[in-house]
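For reference, chains read A, B, C and D in written order, and residue numbers begin at 1 within each chain.
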Amino acid sequence: MSGTITTVVGNPKPGSRTLGAATTLTEALAPAVWDGEIDHTAVDLATIANGLLAPWLLSSEAKSAAESVLNSGVLVIATPTYKASYTGLLKLFLDVFPAGSLSSTVVVPLIVSGGPAHRHLGDLQLRPVLSELGAVLPAPSLLLEESELARLDELVRSYVARHGALLAAAVSSLATAAAAEIKEKENV
Amino acid sequence: MSGTITTVVGNPKPGSRTLGAATTLTEALAPAVWDGEIDHTAVDLATIANGLLAPWLLSSEAKSAAESVLNSGVLVIATPTYKASYTGLLKLFLDVFPAGSLSSTVVVPLIVSGGPAHRHLGDLQLRPVLSELGAVLPAPSLLLEESELARLDELVRSYVARHGALLAAAVSSLATAAAAEIKEKENV
Amino acid sequence: MSGTITTVVGNPKPGSRTLGAATTLTEALAPAVWDGEIDHTAVDLATIANGLLAPWLLSSEAKSAAESVLNSGVLVIATPTYKASYTGLLKLFLDVFPAGSLSSTVVVPLIVSGGPAHRHLGDLQLRPVLSELGAVLPAPSLLLEESELARLDELVRSYVARHGALLAAAVSSLATAAAAEIKEKENV
Amino acid sequence: MSGTITTVVGNPKPGSRTLGAATTLTEALAPAVWDGEIDHTAVDLATIANGLLAPWLLSSEAKSAAESVLNSGVLVIATPTYKASYTGLLKLFLDVFPAGSLSSTVVVPLIVSGGPAHRHLGDLQLRPVLSELGAVLPAPSLLLEESELARLDELVRSYVARHGALLAAAVSSLATAAAAEIKEKENV
C-alpha cells in the first residue's frame, strides 16, 4: 500500500535539530507503515510562521501545509519543550484545524526536552490538544532529551521496532474505514 | 480469534450505574474485537477495596483482579468523576501495576461526569496515569454525562461503530507481536 | 500604595471581546489592590503578533510588552479557548520569558470558553506554563463562557469582591520582599 | 496570631519518609506564618486507610481527620509519586471533601518523586484536584526527589525563607475575611 506522511516541526528556528530528529523518525517510520510508494511533506513551521498569525488570515503556504496534514495517513509532530510545554509556534498551527479534523490521522509526537526534569512535560501538554483534534494516538510519543540526540538513529530504530507494527495496523484500519465511507457515499 | 477482556470499575458504590455502563460497553465492544470465544472478567473495585490499601498488602481478590487485567487483550476502565478527576479507589488499583506493564493491553476508558463542565476532566487526568502504565489507547474515551446514561445503549452502539475496527486492529497487532516474542524466546 | 498592572490578551483578533473582558477585570481589580496611583498597560497581542515569531527575534513593540509585564505587580492574562487550551498566540508571548521570571508577579488568568464542556480546559492547560514562569497564582482564574459575557460586570464585581483582598495581600507581600532585597543589595 | 495547621500524608506506608519530610516542612513553616500558639495535627493516611473506602462510609478517625483539615488555616499535603501522579490513598481522602470546601485554606503540597523525570508530575496532577476543592495555592509546591531527602533540612529552610512571607500574607488575609464574614452573620 502507498501512503502519505507529513512532518510538522514547531521549533521557531528554521532547520533546527528538532527538524533533523523528526525527519529521521519519519524516514524510519514510513517504510514500517507502508510497503508501497510514500509521499512525504515536511513543514518547518519557522519558515511559514508569519502566515499563521490568525486561523482566518493564513498565507497560501500555511493553507497548503494544513491541507497536507489533512490528507496524510500519518502525521509526525515535533516540538522542543518551551516553558514546560510545546512551543507557541506549534500551537499557532494546531489552532488552524477544526475540532475532530484529525480523526482519520495517526499522529506520532516527538518531543525534545532540555533535560530529564522536563522529559514528559511537553507530551503531557500536547496530548489534550491533539485529542481535541480527534487525533489517533496508538503509540507513546518519542521523548528525547537533548543529550540523547547524539544517539538519535539508535533511539528511532528502537522506537520503530517497538511501535511500527501497531502504528501500521492503525493506519491500515483507518484507511479501510475511510474507503468504505467513500464507497457508501457513492452508493447513496 | 478468541479474546480476554476485563472490566474494572472505580465507583466506591458496589453495583453502581458506572458498572452498568461499563458492562454495556464491554458486551458491545468484545464481539467487535474478536469473532471467537470471549473470556470476560468484571472487577467491581468497591467490593474488594479493603484489599487494595497498599500495593504490597493486596488481598487474594485484589491480586486476582490485577492478574486478570495483565492477562487481558482489552481493558475497559470506568470511573465516575470525583473532584474533577477519576476516583481515589481507581487510582488505588492502578497503583498496583508496575510502570509499562500494560504495554500489550488496549485500554478503553469510560468516564461518567455529573455535568458538562466536568465532561472532559476525568479523562484528562486519567490518561497520563495510563500512559505511565504503557497502556495502548488508540481511541478516544467514552465520555458520558449522567443525564446521557438514559440513552446508554445508543451511545455505546455509536461508539463501537465508530471505533470498534480501530480497536480490533490494535488488539490484533499486539497479539501478533506477543506471539512472535514468545516464539523467539522458545527458539533461543 | 501605587501599583503597576499589565493586561495581556491572547486573542488573535485585535480589539476582541476577550480584550474587553480583560479590561473590565483589570479596572475593577486594580483599585482593590492599590489605593494610590495605578499605571496600567494593555497589550493586545494580535496587534504585535508578527514581532513575536521567535523569542530571539522580537520587535521593539514585543520587547516593550515583555518589559511591561516584568515590571508589573499584577498581570491579567486573558485568552479564549482554542482546541481545548489557551491560544498559540498567547503561548508565543509566554515563550519570551525565562523560567521563573514572574516569581514576583501576581497573575490573574481570565479564560473565555465557547461553552460549558470547555469551561475548565484553558485554565488547566495554562497553569503549568505559568508555574514554569514562577507566576504567583493565589486566586482561582476567572472562567467565563461566551454566554456569560452578557453579565460581565456582575461576574467581575463578584470575582473582585471574593478574591480582591487575597490578591492585594499577595501583591503587598511580594512588593515588601522585593524592596527588602533591593535594600540588602545596596548595603552589600 | 495563633494558628491551626494540619499535615496530611498520602504514602500507603505508615511512618514513611514522606511523613518525615512533611513534618519537617510543617515545623519550619508554622512559625513563619504565625507568631502565637500553633495547633498542629498530623494525619498519616496509611493508619486510617480502611476508614476511607467510600466518602459516605468514613470511620470516626477519617471523619476527625477531615474535620481537622477543614478547621486549619494551612494544610501541608504530602505524597510520593506513584504512576506519574499522587497516590490513590491521597485521592481517597481528597474525595471526602465537597467542591470548594478548602477556599479558606492555604495549601502547601510536598511531592516526593523517585527521580528527575518524575519531578514535576505529581504536582501537575494534584493541582487540578486541589483547585476543584477551592484550595488557595499562592506558592509553588515543594518538589523533592528521593536523593534530595538527604539534605531535607536545607531545602525546607530555603523553601520557607523564599515563600514563608507570601504564605503568611495569604493566611492572614483569609483569616481576616473569615472573621468579617462571621461578624456580618452575627449582625444580621
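Everything below uses one rule, namely that a residue touches a chain if its C-beta (ideal position, glycine included) is under 8 Å from a C-beta of that chain, and two chains touch if they have at least 3 such contacts.
All of these numbers come straight from a predicted model, not from anything done at the bench.
Comparing the centres of all chains, each the average of its CA atoms, the largest separation from chain D belongs to A.
Of all residue numbers that take part in the contact between chain A and chain B, over half occur on both sides, making this a same-residue interface.
By count of C-beta pairs in contact, A-C exceeds the other of the chain pairs A-D and A-C.
Note on chain placement: the centre of chain A and the centre of chain C lie 31 Å apart, centres being C-alpha means. Remark: chain A and chain B have CA centroids separated by 27 Å (rounded to whole angstrom). Measuring from the averaged C-alpha position of chain A to that of chain D gives a distance of 40 Å. Among all residues of chain A, those that touch two or more other chains are 84, 121, 124, 128, 131. Every residue of chain D that touches chain B in the complex is listed here, in rising order: 12-13, 46, 49-50, 52-55, 82-95, 97, 99, 121, 124-125, 128-129, 131-133. On chain D, the positions that touch chain C within their shared complex are 124, 127-128, 131, 134, 136-140, 165-166, 168-170, 172-174, 176-177. Across the complex, chain B is touched by residues 84, 115-121, 124 of chain C.
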